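Both of the next two complexes hold chain A, though its partner changes from chain B to chain C.
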Partner chain A sequence: MSDVTKKTGLVAASDHRPAAPTRRQALKTLAAGAGAAATMPLWARYASAQSAEPIRIGFGKHATGIGAAYGRWYDRVSQAAVAKINGDGGINGRMVELVTEDDGTDPRRAAELLEKFANQSNCDIAYGTLFSHVVIGAAPRAGELKLPYFVVSEGHHVASGMLNRWTVQPGITDVKSQVAAMAPFITDMLGKKVTMIFPDYGFGYDHRDNLTPAIEAMGGEVVGKIAIPPTETSFTKYFPQIPRDTEVIYHVMVGPAVLTFVKELGEFFGPSRPEIFGFIDSLEAVDINSPGLEFLEGTYFWEGMPRYLQPDAPDYVKAYRDAVGLDANGASTSDPSDVSTAAHMFGCWETLHVIKAGMEAAGYQSKDDRQALIEAVEAMTEMPAGPAHPQGAKIFNGKTHQVFGPQYISKVEGGKLSLVHTASAEETLYPDEVDYTTMDF
Partner chain B sequence: MRAVLLAGLLGAPGAGLAHASEGGIILLLPTDLYVAGGVASVIATVLLILAIPERAARRMFRPVALGRAPGIGRFSLLTSILSAGLLLWAVIEGFHGAQDPKHNPLPLLVWTGMWVFLFAAQGVFGDVWRWLNPFRGSYGVLRLLGLPRLLRWPGWLGHWPAVLVWVGFSALLMIDIAPADPDRLAGIVLGYWGLTLAACVTFGPIWLRRGEGISVALGLYAQLTPLRRAGGAVRLSAPGWSLLRGPVPGWSLALLMLIMLGTGSFDGLNETFRWLAAIGVNPLAFEGRSQVITQNTLGLALCVAALVAVYGLAVRAGLWLVGEQRFGLAFRMLAPAILPIAFGYHLAHYLPVALVEGQYLADMVSHLLGGPGYHVTTGFLFSPDKVRMIFLSEAGFVVLGHILAILMSHAAALQLTGSHRRAAISQAPLALFMIFYTFFGLWLLASPRGA
Partner chain C sequence: MEFGPYLLLACLEGAVLAAVLALMASGLSLVFGVMRVVNVAHGEFYMLGAVAAWAVTSMLGAGAVANFVAALVIAPLAVGLLAAAADMTILKRLEYDPERTIVATIGLLYVIQQLTLMTYGADARPVVAPFNSRIALPWVEWGENGLSLYYPWGLSTTSYKLFVIVAAVVLITGLRLFMAHSRAGLIMRATQLDGEMATAFGVPVERVYAIVFGAGAALAALAGVLIVPIQQAHYLMGGDALLLSFIVVIIGGLGSLTGTVVAAILIGMSDGIISVFFSPTLAKIIATLVVALVLVFRPQGLFGAKDR
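== the complex of A and B ==
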């Protein structure tokens, strides 16, 4: 990951302080001599550090429901990020407090929570949530409440223009950019003829619809598209549909039957298999050495951030992992069998640091500055790799409210995931589909 | 778009209740063999009963006195008052404390402490609830004020209010969209507590035995323990003896026993791929409890209705086989035999939940005592050896529950028909029903789950 900044050509990571905009803003503020609370000079903000009310961030956590395994780790990372931010002096001299509520991985409940954050629990902003349907269900309410809503969902729904000006996704890349960025590696390194095996619903379609044109653009061809019903638990009968000339299998199966899927795929092909490429979503939080997964040795995975500590990992990556409590295998330091959701949860850390940077740039003092906060985030562009962005250097697109960043490809070697390729943030860009900045608040 | 994880199915009791999943590992186990073994054990029990002499069959549930019961029961009111204080504190925390249900004492106390652990403890250790019942404790305090009872308990009410309460409790557990939300739960607990005290003041302590459904259900499970206190002595016999030797339950109590199994069964069924597919929900993208309120309500009602109907038909058919007429009496006399099935299923279904949620409970207790923080882990759900051990324990609970049910119902039929042979014949349809239910219970445990 250390070469990410070189590849992207972004601001070098030598300055690890995430608060570059803060200093600019502070200088501007001092120069202007404005006396209003929103533009209080930096020294004054710090002077009131101990007495000031904390900044309250309403955190919609998947504590229960289908997203609970992610929720547990999202919570752990968020708590670690807040501890780090507070340890470094908080935001504008004020401590940060997470006001955590369970959204039950349920859109209706998530929308209710936004209301609770805004009207009952005195929160400054709302944050959190992974599953797309929850974000899509809750975001309109954030718009009505005029409540900044920082989501960590990796769905394309933010950048697609489906949501509103109050909803931003500055800490995790979206699935469209992730999938498209895989095509060059697949066609160059693994093969031109690709067969996709995906679950027969929206999640699978996202991969099908984004990968196909990207593969074709690289001169490859998707020769087979095998959609598997979501309730299926035995897969052998589908494998004869894999075209004989397939060079690469691209799989994104999810759910409890994944282990069975891999095991049966292995039994089907035996020792002579095509190249295999998958999304770690299938095995997020699952030990790569679980029974049935032996067949994955030598296959490739997309990872949002490497699960295993890589030999050349920079210090800020180690610091992030230590703060969260991850061992070298990406499992909890308190239980080596408790594998984390490493490929996604960094988004919580980074989003909270973007909130800090945004609030500092906006001179955020009270809820009256919510609009200024959104505008400050919209004004962001480059996010250098460092303690605030351990996943790598990013580019934020203020118009689409979406961040773009490096994507990682790892190979299963000796029962571990080793990083073999990094796609830079630039390689993941695609034309804007919306300009939220033209919309009214 | 996000996708469900293997381990993503584990939720809190009452909370999302996508509990109890060993995820992918369980699908790799030879569960077909385990299920077949379990069903075979239950069939063997049915056959074994035919082989044992009548005298032995009659003696199975006859208790032996072990000695005088220690006179410590009077302290139970004191501990119940303390328990009421604990609940009151938890309710205040529910309103004002952290709103993450995994770190708030109220949902942990209600859904993990009481629903998962205490319900299990009742059937194993006996009436622990008597020592911890906050309703009894708080009513005890009110009685010190010398409040007179306002109304006599009308006999026709039977245990019907308890049935209603149980249905309400089950609906909260399985249908409500956020039963573990601390401040919401605090309101519900406080409201129910107030209602219970008002009913106690109106009818006297009988409410706690007839109307307060949670205490009634817990009391029923407590009667499954082999060691019971009766007539001033501690007595021992086969589990469930106390239910068989007690008075024949009325219609409402008998129905409650069946409903306990019906609601417990739906509590597992509603998470399976099979059920979700039947109601048109994609189990890999389950959209939350708010999306299935109608389906869950209908499903719960249908599940309970179907269970009562099938049980009734099995009893009726059995009576027909021996030319017996007293359907009402048989229905009520045989109903206690259903309880060990419900209890076994509770243990099985909530074992993995207990292993995870118990950690949150331990973390909270440690936190309160100023101990170290604890990172909850679900890693053991990915270890094949541990998952196999968990599954076999679950299967064991289900099978033992059914074996006990078959023995209890035979003993009850013996009382009813007067002869070992006639009892065995009359039990054939009910035994078939129990064999099927063993299969169903084990199938539930082995099924992929998605809600």
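== the complex of A and C ==
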């Protein structure tokens, strides 16, 4: 796998880092020769030079492997957010630098990367990973390294208490809250008998385990549960398991073959399809007007944030889309066929802004302040909608390390996704399952 | 879904897999039969075929049919030439030593895969099928008036999937006829039986090897072009395909074209049926188990000849 290291922001002129080890060596020699008292002023000068160094954020990017489409857009959004933060003066007067490395959408590699961020590339914190198996595999290492790990993953594994005090998810909502907000819409508007199709790993299980009780609470029933491996390339063979009396198909799929999945779903049903409710994950980075997807007209999608520019979008949403380089259809402004992962990638923008707010609240100066940073983030509660939170107003739960925010339902109309329903953050809350703040650092 | 229509759907899905597998495994079998080289990079030639199909169709920008026909011609040709070049620059220098060629083709696998990643990228990209209409399939049932036809829910295929099956049958029949009746086929078979004797009779064995290696890769690429409108081109798609091809070739008997085709149908159909009725993982488990049993009880494969 190719390791990608990128530097971002206005760091070239002020980057003294390569010279530091030799300087430190020289100082040590000097200290040995002339005695500690004589060298004190030099040490002091060195310490102040270090604090002018950029804040380094280790970014685990899914550049290759099954998460590559997400990785590409997570990178673009992160670069845009860092450019904006640096343009506004950085964090505590210091510039921010992203240290980007490819994790190959691979848990083992992601855990190695955390080690590299902490011990080799001199990073202050780690950030970024999406796929749930990668986060679950890497997060324990962050705990051992005592390295703040800001994930943008959407899985319920943070709020479920599976991870540790060093791992937080302040920029994207989790599946459990999303599903809680979707279930009433599905049972009220579409039908009571639901068949779920979901990827056969952690993220899919979050959907399976949380949708079933949510649907039953609304008087509905989950009549079929079909798990498909995320590396699968052909899907028709799974569809006969869909029970005949299904009224609503609930689909969420990930991986490189999502277009094939949706296309074969359409080919299977032909003209007599049930109602279809999908998580946009099934079509992230895929053009909704691709050949074979015509049957999606009139179906519904959950979106973390609308892909298409909505007519009533506030100015800060437009500013966010411009900064990232999104056109009105949610594709890249430089290549209309390069469709974004709009429903997830806003989480990168918001997480980096939470990191900024947390570091400023903690008076973050050096790696010694890592614990103070986590405590400062845990103390956060309300996050009003605005330039730092373009997806909408959020509530952060410091005990569960999880943020809650609005959820959007869009309908495919005329080959576009139009927003038809918004669930507020309050509708997505559920009782705490863990209190990380009582755990040791 | 009822049992009958369910089974038919499973068979159709299995037949598409069997068709692609038969083409791809024929290439692997041909290379092993003639050259005694186990080509671990075979799956990457399949992937290159799919990627080349994407490149040709997106660059040409003609109609869907013209694009696809061009891809069908250009992609196998380009991949075949690349493989022939690899044979002349790498395998020939290793003197076709069985162990060293395995290591060399493993290296080739990674080189091709990573070069594709660096140029084509990590995304799965679609190729538009030349034609693709849904065909609802009828099923018979005993009604009040005796036998009658009806269209069960979900029982359908697409015209393109049927085309893949037909194309594979035509191509494999052509390959058989070519090997059995053409002069080039005769030379290949002669080289396969006894390379030294063939050299003594004036057969340019090294050139035959380059052509065979290229042709084997071209068959894999052809399979890649045929599957890409169904599955999309992705840089990691060669892995599973390689595994299945090896399973097919081992069960059928290394170097036996008939055995390869029979085993491809067996594995493809059983994979389709077991995946539909049970789970795809079970299908893979059973296929691997069959390989183990074949290796224990009939190491030369179902149709392979014993070593003389």
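Everything below uses one rule, namely that the second predicted complex is superposed on the first by the 336 of 441 C-alpha atoms of A that agree within 3 Å, B and C clash if a C-alpha of one lies under 4 Å from a C-alpha of the other, contacts with A are read in each partner's own complex, and residues count from 1 in each chain.
Note that contacts are C-beta pairs under 8 Å (C-beta built on N, C-alpha and C of every residue); 3 or more make two chains touch, one makes a residue touch a chain.
Quantities reported herein were computed from a predicted structural model and do not represent experimental measurements.
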item: Which partner, chain B or chain C, touches more chain A residues; value: B
item: Which of chain B and chain C A:Phe269 touches, first, second, both or neither; value: second
item: Touching partner for A:Pro387 - first (chain B), second (chain C), both, neither; value: neither
item: Contacts of A:Pro240 with chain B and chain C, given as first, second, both or neither; value: second
item: Contacts of A:Ala285 with chain B and chain C, given as first, second, both or neither; value: both
item: Partner chain in contact with A:Gly65 - chain B first, chain C second, else both or neither; value: both
item: First (chain B), second (chain C), both or neither touched by A:Pro256; value: both
item: Touching partner for A:Val134 - first (chain B), second (chain C), both, neither; value: first
item: Contacts of A:Gly330 with chain B and chain C, given as first, second, both or neither; value: neither
item: Which superposed partner A:Gly90 touches (first chain B, second chain C, both, neither); value: neither
item: Chain B and chain C footprints on chain A, overlapping residues; value: 63-65, 68-69, 72, 233, 256-257, 259-260, 285, 290-292
item: Chain A-touching residues of chain C, taken from the complex the two chains share; value: 1, 6, 9-10, 13, 17, 114, 117-118, 121-124, 126, 128-129, 132, 134, 136, 153-154, 156, 158, 230-232, 234, 236-237, 240, 272, 275-276, 280-281
item: Chain C-facing residues of chain A, complex; value: 2, 63-65, 68-69, 71-72, 229, 232-234, 236-240, 242, 244, 256-257, 259-260, 267-270, 272, 285, 290-292
item: Complex contact set, residues of chain A against chain B; value: 61, 63-70, 72, 75-76, 99-102, 104-109, 121, 130-134, 153-156, 175, 199, 201-203, 206, 230-231, 233, 252, 254-260, 263, 281-287, 290-292, 325, 331-332, 334-339, 341
item: Touching residues on chain B, where the partner in the complex is chain A; value: 1-12, 15-18, 21, 23-28, 98-103, 177-178, 180-181, 273-274, 276-277, 282-291, 374-380, 382-384, 448-451
